[in-house]
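In the two complexes below, subunit A is the common chain; its partner is subunit B in one and subunit C in the other.
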Partner chain A sequence: MGADPHCGAEISVEKETGKTILNFLKHMLNQKLIDGLLMPVMVPSGDSYAWILMKDSTLVDRANPLAPVMPVQGAKALKSLTRKGKSDMTVAAVMRPCEVKAAVELSKLSQVNLDQLILVSYDCPGAIPLEMYSQDPAGKESHFRSMIEGKQFEEDSVKPVCQFCTDFSVPASDLHFALAGEEGSKPVIVSCSEKGSSLMDKMGLKTSHDLTPWENRVEEIRKAKSKKREEIYKTVQHMVEGFDNLLDTFSDCIGCHNCQSACPICYCRQCYFDSKEARPEARFLLEQAEKRGGISFPQDKILFHVGRMSHMSLSCVSCGLCSDACPVSIPVARIFSYVGSQTQKAFEYDAGKTAGEALPMKEYKMDELQEIHEMIKSAESGEVPHE
Partner chain B sequence: MSKMLKMVSDAEKSIVGFLKYLLDSGKVSGVLTLRQINESGSVDYGLVTRSSELDRAVPLMPVMPVNAAEILSNLTPSRKPLAVVVKPCELRGFIERIKREQGSLENLLVISQTCGGVVPMKVSVKSKNKTLTADYYKAVARGEIPDHIRPTCKACEYFVPMTADITVSMIGEAVSSCRIFLNSDKAVSMAEGFDVPAEDGELDVSITESHLVKRRNERSRLFKQIESEQKGLDDLLQVFGKCIGCHACSRVCPICYCTLCDFESRHFDQNVTLFEKELDQKGGLRLPPDTLFFHLGRMSHMSFSCVGCGQCTDVCPAEIDVSAQFMRTGEMTAARFNYVPGKDVSEEIPVMVFKEEEFQEIGE
Partner chain C sequence: MKRKIGVYICECGPNIADNVHINKILEAVSSFGETDDIEIVVKSYKLLCSGEGKEYLKNEIEENKLTHLIVAACSPRDHNSTFINVCKQTSLNPYLYRMINIREHCAWIVHDKEQATERAIRYIRGGLRRVLFQTELYEKKLDINPDVLVVGGGIAGLEVALSLASPQRKVFLIEKKEILGGYAALYQSLLPRQQEARQEVQLKIKEVTNHPHIQVMTHTRLDQMIGFLGNFEVGVSSIGDSGTATDMKVGAIVVATGFSMTAISNFPQFRVRDGDEVYSALDIEGMLSEKGQIVRRSGDAPKSVGLIHCVGRDERGYCSRICCNAMIKIAGQIKAQDASIKVSAFIRDLCLPDKMDQDFFKEVKAQGVEFIRVQDIKSDGLRVQYTGMDMHSVNADFDMLVLAPAMEPAEGTAGLASDLGIPLHETGFYQEAHQTINPVATATDGVFVVGAAHGPKGITDSVLQAQAAAAKIMSMLIPGEKIIPEVKVSEVLEAFCMGCKTCLEVCHYGAIVFDEEKSISVVKEAICRGCGNCAGSCPSGAIQLKHFTNPQIYQEVIEALR
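Up next is the complex of A and B:
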């Protein structure tokens, strides 16, 4: 997994891309290549989606593999399925690249078992913020469809983190639907792993399609998004530099910890900050208040965010679920995406890209982070380290 | 006749003055109050021990970043006297927590207000609490329901605090003056020595009664709206189907005090074989599971203690009006037990007492 796309094949194409994908998957199900499918299905109220594991083909017809929103991170659905061990069924899950990446990270954290799972991704134009979608579901549905059909991958109506997502086409999955090709080109199925290739073989697909035009187009979009990423990171940088800026950034935080609850990476059943250990005694609180003239509630506002950053930013996939979940509109996703990009850079790690790779914190390398070693050495010798 | 302090400045200034007096005279060691924490207007709860720190206090501001009931649980039992300024539903939430051994009134001087309701979190954060408040206070002074408050606040019948030591009169009160009612002996003795001497006075019931009529109308309107949504499982799925399972509603709920909700515990981790079986039987299943089960479970655990504070609705990322649903269910369950949550600290919560003669109809 995580290798460059092996090979691509043309598939039978319907009028709508969603239908094309659905037919392909249905074919896999009917041929008994898989036992079940995990896809988004619209909820009864018609203004959101839920993950449904299905084998009934009438249910498959109701699914929308290209849902405009991501109310629940797909990796969380996979976690609930395989947290206690691998499945005997072969399940294909159709998810956004960031969901695939989160699933890969969770597999490293022993929360998802990938053995019997087929991860299927697609070139993702981004997700529409949940709040905006629920105000006008019908309008947003047709808007999103036109984005897919018109191959518009640089739209501003998607979440801020999606606008600058450079991994919108990262095929860390087993199978990938290449949708972002040149104008007028048809969707192509790409295998990205041995699992994927063997499935394509079994389906008798001719894997000789030239992927170059698609790869070129993806690279072009990636460059544009990368530029946007730098611009947005510049506006975020100061928000996390120094304690005063952090205080200001998180001043409206109510301590609900919903960012953590929506985060696919934060898998702890009980966050330390919600545990009994983190709850000080009444006497201690008053003593603190007396010492300082006053203390704030909720307690540990900044410590919580900084703690969470240090725990999960190395695995942050910039899916943006935290921002959707924040009741006071703090741009948590942009902040964590920026911090994650910095921590991942320091360890030359790319969250969710490769399944076999160890998490940086689980691996000791004698030669890494030499610059910190230098800083300690110069501090010990009394020199002031330069910036 | 009960006692009151007749103040010549607006309610906020008056109560801050009184709080400063309490701190400076050493009658209390700390004050829990809402306060502005930065120039841009963010507000949080602070436990303040120095009276100069009270310059930034906004004790009566119509916002609720957190339901203070949980903070009071963390601060009590207090070894030293504290004055706390909370909204009536926060006090009721705390009373319900005390019944669950999550706090104590010992050493607390509870100050509350006749409450005009609070502004939804998103609105208060966006406006930085500046533009709305002037209109809000005017409406409250006229005895009207302000426009932009939470739907559950509009429908709240318990805007007069039931067990506070001190009540600041807000509804129907002139903006430029204020009356502070001393409801308990503790309150009267705390006010002894204050610049303004206590005089006889009673909260004007005619004003609160006529306001109550308006709130009751709003309540029946809201409940009528959701009545059809609660008839059966399919209706409930219409409402809760879009729930994303973040459980933020339970985390901000003043009643849900469990450190780890059962629905997040190992008990609810399922073996994959169970999913396989269900998939075979039904053809499809939702992941993560237990969406509706969670809400029904929470309802059965806490609805009779629901104080209708509205925090759950404010934090729901899926924009479900959780609060209206729980408030209505709560009213119905509590009514079966003749119970009013947060009214009386000595009253047991209904499910803790067994009465042989109750619910005979179910036995039949």
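Up next is the complex of A and C:
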């Protein structure tokens, strides 16, 4: 952490928070503290956003750092930029907390190199579901702006995974805009790392603003969202318990694999479930049909979803892009978020929290998974296993 | 291309034939592949591993022009290599053959004959499907360097060097101290025959130093090592100002870095102040070697000596094996010096494992040495406070105390282990490959550990291990002959590798390197042992283990479960 972690720095404030942030970033670019900026820019058709890497400060005004939707996970843009190695130029990227978390996870897999990147985050009220947004972009734009200006962090109009996101104010970035607080309170910038502190120093920013009221407000919101998480997970739990439930849950799935394409954690060049092995011969399928009386297509739907869960749930950051991408509206995000929370709990791992925490699959600890040891012991001694 | 698979079911005498219906298996197997362009030849035979059996199999392969071979018999642990060798005598690549275990995995464990037959059929059909996905693999032959690097010039290192050095095999011996001989060179007498040890060791040192095929480098340490069995590249440098570095190529490395003694000051229950007549067993050995007798600092002999065994055994968690004998020897020497000196030995247990030890103990006891078994013991200066087995607490004062502290790994063990890529045991000594099957080897092929570096032991056992390692090296690295590295190794499919480096974290043989330019992992085939950790851990499925590829395993399982 930078200077006094309980103090932020005041910055020159515009009427709109988005403009405040833009000006701050433009200033960084003009001062040559950074070489480039990565931010969402609205596409010409006006109903979506694209990630644009800009070096020209005149382009900055066209960006919207507080985009209401997240069509492409920011971590993917960072991956395109730094997969081959660290960036040659210092780039500041404005990301939602879940995009920062995904970037942190990808850095553990050598897919993102955080070295020359400045990750700038902000208290995120959530993102509007893509489908809702595309039906009425203008309306949703103004709605989102009023959420930001009205400091409303507990709205139901955002995606379900956003409704229960307790990491909306996560400090895994370098700089963070503290937006939550009393209505009318000014946004303050907080440093979350050495990089962040050094930048703030270079900009001559003094950390004199007491963050305690903001921290308290964030904690309040977190508690409320935590409750919401329990509620929402409860509704999802039965959907993944047992094969029959899984079949029901994914009955609409058309096997498009959009969820896998949109997921920032799914980085494989070729997904195993698209490989040759995942395509059985006709003869085998005919035999299955004969044995069971029938077979549905596309086949192995459950295998794909459960397989994807086993491959990436330990790194799931609950960003919800999978649901946005699903053409048949299966609540993939809530399901994977729930499963991810359980698998991560088993390893006492928090995906995306810190770059220093090793991925469970890459680290062996003698004393992990004690519950499994207990299960084996009781099975060997002939005891009845716990439910 | 038309494929012709030969399936040979071994009756294994009554072992398999009595427990499954051979004819039912023959029938079921021959129907395999009716829909594909695969021809099946399926026969049974009484005993395939016999001389005639092997000859029969060889003829069958050649006459039938088989493209693939299945042998359904006992465990591959028994005879996989037998049938591989049969294939090698024919034109059939041995990796287009698969052995199916229908004995240990079937006939011997399933007691219902019908069920056993069903299982055997499924296993064989699985193998048939699998073998079609197997590909030819070719063994390579690598030149090796028969020379050896010995790290450590103590008794074990000297013994290894002398056993191995020959006109066809050079030995490099490096020692971090300026003299050779280690601890053994310090001892006046060697148990149990009480010979003049120093002389013997000095003779060995002379032999080594004058040996035409041993190059000794004292005051030298190992800097780094890369490579694999038969082809190591090692860098050493001289300790001290000049720091001259030398590179050498060897085929094997023997670690003989010995031990060190735990300092008594590590044990707060034995309070020693400056000037106290409290010594370690090693101090006494030195005193006896130098002065020929036990004396206090004042110059006069003690009237009573207390010997405390097992100092540090509880804390370290292991017995140091040699101290009981050493302390009994010291007790005997004190009595020999002057029978009137009261000698009391405080023991927990007695470790007297060798065939002459019990007699020696009795002899010394007969000289009047008191052996007191204690539950716990501590000392403050020259006062010993102990609880006997009768639960009574006793104080005893002496003119001199001798403590036997635990042996511990030599300084620098952890660093050297890391440089050589070999693991440490939880006690801090080097970990052997296997306690009984491979006791002088380590996890890295070609790196051996001998002597006290492996664990507390005396001179005899150190020499034993040294000779064992030398024998191993002599059979593994024959001058002029090549070695055949493992063929069933992993390979990284460039197109799928995303450079996440997960495989690097799970490979314990150092067999994977990262190509920074291409951002992909690459397997060093000569070091790879084919354990499959990398293949299992790769999130992208970019690593395949040859002869255990995903399609092979998948198809076998699918077919067996049909």
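Note that in this section the second predicted complex is superposed on the first by the 380 of 387 C-alpha atoms of A that agree within 3 Å, B and C clash if a C-alpha of one lies under 4 Å from a C-alpha of the other, contacts with A are read in each partner's own complex, and residues count from 1 in each chain.
The rule is short, and it goes like this: contacts are C-beta pairs under 8 Å (C-beta built on N, C-alpha and C of every residue); 3 or more make two chains touch, one makes a residue touch a chain.
In this text, all values refer to a predicted model and were calculated from it rather than measured experimentally.
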In the superposition on subunit A, see if there is space for subunit B and subunit C together, and answer fit or clash.
fit
According to the stated criteria, A:Arg83 is in contact with first (subunit B), second (subunit C), both, or neither; which is it?
both
Once the shared chain is lined up, is A:Tyr267 touching subunit B (first), subunit C (second), both, or neither of them?
second
Touched partner set for A:His311, first subunit B, second subunit C, both or neither
second
By the touch definition at the top of the document, which applies to A:Gly294: first (subunit B), second (subunit C), both, or neither?
first
Once the two complexes are overlaid, how big is the angle at subunit A between subunit B and subunit C (Cα centres, nearest 10°)?
100
Just to be sure I read the superposition right, which of the two partners does A:Gln111 touch: subunit B = first, subunit C = second, or both, or neither?
second
I'd like to know which partner A:Arg283 touches here: subunit B for first, subunit C for second, both or neither.
both
Once the structures are superposed on A, label A:Ser251 by its partner contacts, choosing first (subunit B), second (subunit C), both or neither.
first
State whether A:Ser275 touches subunit B only (first), subunit C only (second), both chains, or neither.
both
Who wins on subunit A residues touched, subunit B or subunit C?
B
Which partner does A:Trp51 reach: the first (subunit B), the second (subunit C), both, or neither?
first
Three-chain overlay, closest Cα atoms of subunit B and subunit C, distance in Å:
7
Subunit A residues touched by both subunit B and subunit C?
83-85, 269-270, 275-276, 280, 283
Per the contact definition, I'd like the list of subunit B residues that touch subunit A in the complex.
29-30, 35, 37-38, 40, 42, 44-50, 52-53, 65-66, 71, 74-80, 82, 121-122, 125-126, 234, 237-239, 241-242, 244-248, 251-252, 259-260, 264-266, 269-273, 275-276, 279-280, 282-289, 291, 314-319
Going by the contact rule set out above, which residues of subunit A touch subunit C in the complex?
83-85, 109-111, 267-270, 272, 275-277, 280, 283-284, 287, 311, 359, 361-363
Could you list, by residue number, the parts of subunit C that touch subunit A in their complex?
35, 495-502, 505-506, 516, 519, 537, 539-541, 550-551, 554, 558, 562
For the subunit A and subunit B complex, residues of the former touching the latter
36, 38, 41, 43-45, 47-48, 50-56, 58-59, 71-72, 76-89, 130-131, 134, 247-248, 251-252, 254-258, 261-262, 269-270, 274-276, 279-280, 282-283, 285-286, 289-290, 293-299, 324-329
